[in-house]
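Chain lettering (A, B and C) follows the sequence in which the chains are written, and residue indices restart at 1 in each chain.
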Amino acid sequence: MLTFEENELLTRTGPGTPMGKLMRRYWIPALFSEQLPQPDCPPLRVRLLGEDLVAFRDTNGQPGMLGQHCPHRGASLFFGRNEECGLRCVYHGWKFDVTGQCVDMPNEPPESNFKTKIRTTAYPCVERGGVIWTYMGPPELQPGPPEYEFAMVPESHRFGTRHTQDCNWLQSVEGGLDTAHVPFLHIGDRAYDRGKEIDVKRDMKTIAFHYEAVDTDFGLMIGQRRHLDNERAQWSTTPYLLPWYKIIIPLTRDGLTGYHAWVPIDDEHCMTWSWEYHPQRPLIEGDLEFSNSFRHIHLENIPGTDRPVWNAGNDYGLDRELQRSGKHFTGIKGVGLQDTAMQESQGPIYDRRFERLGTSDVPLIAMRRCLLDALKHMERGEAPRGLDPASHHARPGNVILPIGAPFAEGLARLSGSAADWAPVGIG
Amino acid sequence: MLTFEENELLTRTGPGTPMGKLMRRYWIPALFSEQLPQPDCPPLRVRLLGEDLVAFRDTNGQPGMLGQHCPHRGASLFFGRNEECGLRCVYHGWKFDVTGQCVDMPNEPPESNFKTKIRTTAYPCVERGGVIWTYMGPPELQPGPPEYEFAMVPESHRFGTRHTQDCNWLQSVEGGLDTAHVPFLHIGDRAYDRGKEIDVKRDMKTIAFHYEAVDTDFGLMIGQRRHLDNERAQWSTTPYLLPWYKIIIPLTRDGLTGYHAWVPIDDEHCMTWSWEYHPQRPLIEGDLEFSNSFRHIHLENIPGTDRPVWNAGNDYGLDRELQRSGKHFTGIKGVGLQDTAMQESQGPIYDRRFERLGTSDVPLIAMRRCLLDALKHMERGEAPRGLDPASHHARPGNVILPIGAPFAEGLARLSGSAADWAPVGIG
Amino acid sequence: MLTFEENELLTRTGPGTPMGKLMRRYWIPALFSEQLPQPDCPPLRVRLLGEDLVAFRDTNGQPGMLGQHCPHRGASLFFGRNEECGLRCVYHGWKFDVTGQCVDMPNEPPESNFKTKIRTTAYPCVERGGVIWTYMGPPELQPGPPEYEFAMVPESHRFGTRHTQDCNWLQSVEGGLDTAHVPFLHIGDRAYDRGKEIDVKRDMKTIAFHYEAVDTDFGLMIGQRRHLDNERAQWSTTPYLLPWYKIIIPLTRDGLTGYHAWVPIDDEHCMTWSWEYHPQRPLIEGDLEFSNSFRHIHLENIPGTDRPVWNAGNDYGLDRELQRSGKHFTGIKGVGLQDTAMQESQGPIYDRRFERLGTSDVPLIAMRRCLLDALKHMERGEAPRGLDPASHHARPGNVILPIGAPFAEGLARLSGSAADWAPVGIG
């Protein structure tokens, strides 16, 4: 349960809000690189944290991120001409480079130096891992470029999609860290996709995990415990990286890993980024079989948009017959779609005064506290955790401990190597 | 004319509002029974008096009405699994019975008793007359189940439909009690439906009824007087039952009766319920000829919805040629559609500061006063009228009195039997 | 740059606002006469300055403009019967003539004189120049009917269209007076329409006009200077007539003239009226070649509506390939559409606190001052300029002056005759 004030504090991200200030300290995934495929290609509208922007790639291939409205008289630079290292407003020909400097002002007399005085909002961009990242914070505090693992592997090792969600970003992050829902919400999905039969009612029983969360330099490492026998417990770990990342522990011994980011578009919409990657080898046929059927974390979008084909307007394709059949839990097909349905159904901005949290909600309680701590650090002038790129190398893992040993002890034993992924004791 | 404050008082029905509190004292028609056709069928979204709910029918056939959002973390129970006497949230498997008690919480440890502490919003339901009724008021004040006549006759005697209106509930009730519009708004409709010719301009003349209203134990009996000759006047009566019911006097000697309820969905939308029934015999071929053509009080809905096919977006199918022809008054086809068009055209919530009422508006003035009185009764801790099911047996009727005799005198002579329906002196 | 308060003052036009009061002193173009083609034809909904109205033409051919809601109980008179010199509400038959007087009230007793006490909102209308104009101000201050030149020429001399814009009226007027954008925004449009090749990048250079504005009895005459040689300068003039008119100087020696009005529908929408006319002769084949292709100031509307086919929802048909080709500046086809795209892209109500005006923005600065002056005149009880029909005869023109001579000197030399239109020194 949160107070009204805490809920506002965590969910509001526009310019000037505390959470908005915190988020602006981090590099923000804005676009896939391929959305600006070549120098001088058409600019795109981007909305981030409630700000309307326009992204373009200049003649040198450098991405730029400008305020959407020309500082002259507010016409949209989306309609601009992308030409010779700058975006030219088509209203009066003012032209801006990627730094926001006005570099041409053809409606003023040649002797005028007015253009040198005009800068428009411009956020620095870097490209890494097939993503254009932008930094919307104070220039003097700009951190080094991001080093999240999915972004550091070669392109051949990675597959990514994104889709919009019609809800506040925090609901999506909570849904991501809340692995307690997995044995309910997602029951039967993989089986359905493979045409196999299950029996939800027969199989469903009390599945209550024990969670512990440990503070790290990137945010949190969340441990989920499962007893293997009377002496040993297995801890599966989920890293939460401030402010909006989650790494999904590989479901197979081989190590195919999932990565999410949930980035506010504005306070009632967020962009869900979903990557799968292998840290050590290119993806091969079969890796993405489940993903390509849109049954995994990826969603099928309406062509040319980031909006899912299946959405609240059509009840996410809810199939009541399938739900009733006993072979599937929800009747909504696909892990990512199931997550989206739940998170959006909480409403545009969920009012956490009315929630009733249980023991399986430890991960989200820890995450909210982690965010509130980060706000305090920022207020005191300290750097929030997770800013230093060296902290981005977090990895999930599995570790076996004696029953009764605290998760923190196991965390120290995680090597960060692929050996940790082995789903010991499962299956 | 109402003051701004009075208008707010009568039109606002959300939780905590005075009118909302009053309405929550009565059983509320929520769904047709057939909308939840069998045990464990798919749940439905319901919105009543501004509250988002989900209705389901449990394994025993008992209807339940729960708050739409799971108390755990707010996911919508609409997506829930309806199974074994409870609705199970698909997010984490919490399950609730029709009383709102959490009866299963599989994501908590088996030894946990957390589920016993969790109750969600649940409103009792009864089924009667093909309708699922719910009670949203204080449990200790719950009245006996409704005994409105349309709901007490066998199913074979009754025909009902419903449709949404995009306006405040009070406009619809006013439109229902305002029989003064009948000889204008509805001219030519029945003739048009039967391919007969009329001449609006020739036929239209001053048609001004005299109205009197008398307080009853259910609300009001409204009398509409018409002189039969120099000595006798006929009074036709329209019962208004608190808070939103109206009975339509039979238009034929035989006694086919109409019944309306206008229930707030929220303050800018209401559900119009329309029944026709015969108190004494099953409906027979021909009874519903006019109704089945959607020319009577019933409207054709967009399949699978409660939204009329003809609505404000298409000007209710307004046919200007027909209007100009002189054979029809409005060019909008059907009594119910004509009513809807007028009521919605007053705006989402009509501002009664700007109305100019005349002598034919006595019924609505009386109805508003009746509602304001009921609010006062409730404030003083008295039961509002119309709560006691014994008061629900109201019937319309016709009575002949000497000219000059007050309506109250005739009311005492109404027997409540079918004999009263005889449209004496008409035709 | 404007303060927040100034911006509100200039952009808000609803009942009771200062700018709304000013605008209501002028005749307002409401409909094309042909939209009410004959006596007793169907009434139309009209929204002007935030007021919902209904327009009709009575049996005598006189246009009427009434408040949309019947004063009785608020039903929309749009659904009314237009019959025998009045519009009859179909709810209870109340009938109103063009003066707003209730002339029939058939639901009241014959002896009642209630109808004589009922007047509804009614604004006087005149017809001139193929337009129905209405006056929404104080009756005692009603000026003589409009004498704008486009409205005084015979119908054969004139061609007019209108379309809605989804932005505040002031953005549109500013866009109209801002001729500095012409050599940018509109580059290549005429050439494209004729299949000719240009090279935007080669041709574009600094094109900075010098502007001066002079107060007149109708508003402003705006002069745009271009040096012809070392001794002479040509001044092209654009009349701005309070509160929302602009005359476009003929682009050809022959004198085909353009005229605009931008009338608030409400504060986030305006109606753009566009006329072309010849003061001295009927239009001939070829005059409207460019207009008929929708490349000039006119826009193609969705049939039966005033909404452009190409609008923000489809990015105004933006053709990025054409934009990149170098043969066209914007990739948006048509002068009027380019203007609309820019003006709407400033947002519903542009916040002028954030603008950065340059020397080419003199015309809009002058126009805003002219409006603020008019507000002051009105406050002091003086008649604002441009009310007197004698002031409506403004004409654009060209004049040649020695370099260094002020525009005011040339203005005195403009004869107002066709000779002034000769585009001296161009081409």
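The rule we apply is simple: a residue touches a chain if its C-beta (ideal position, glycine included) is under 8 Å from a C-beta of that chain, and two chains touch if they have at least 3 such contacts.
Since we're looking at a predicted model, the values are computed, not measured.
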* Looking at subunit B with subunit C, do both copies bring the same residues to the contact (over half shared) or different ones? -> different
* How far, in degrees, do you have to turn subunit A to put its CA atoms on top of subunit C, rounded to the nearest 5? -> 120
* To do: Take the average of all CA coordinates in subunit B, do the same for subunit C, and state the distance between these two points in whole angstrom.
  => 48
* Could you list which residues of subunit A touch at least two other chains? => none
* **Sites on subunit A touched by subunit B in the complex** => 174, 180-181, 184-185, 201, 204-209, 315, 318, 320, 323-324, 329-330, 332, 338, 341-342, 345-347, 350-351, 354-361
* Of all residues in subunit A, which touch subunit C in the complex? -> 40, 42, 69, 71-76, 78-79, 81, 83, 90-93, 105-110, 112, 114, 118
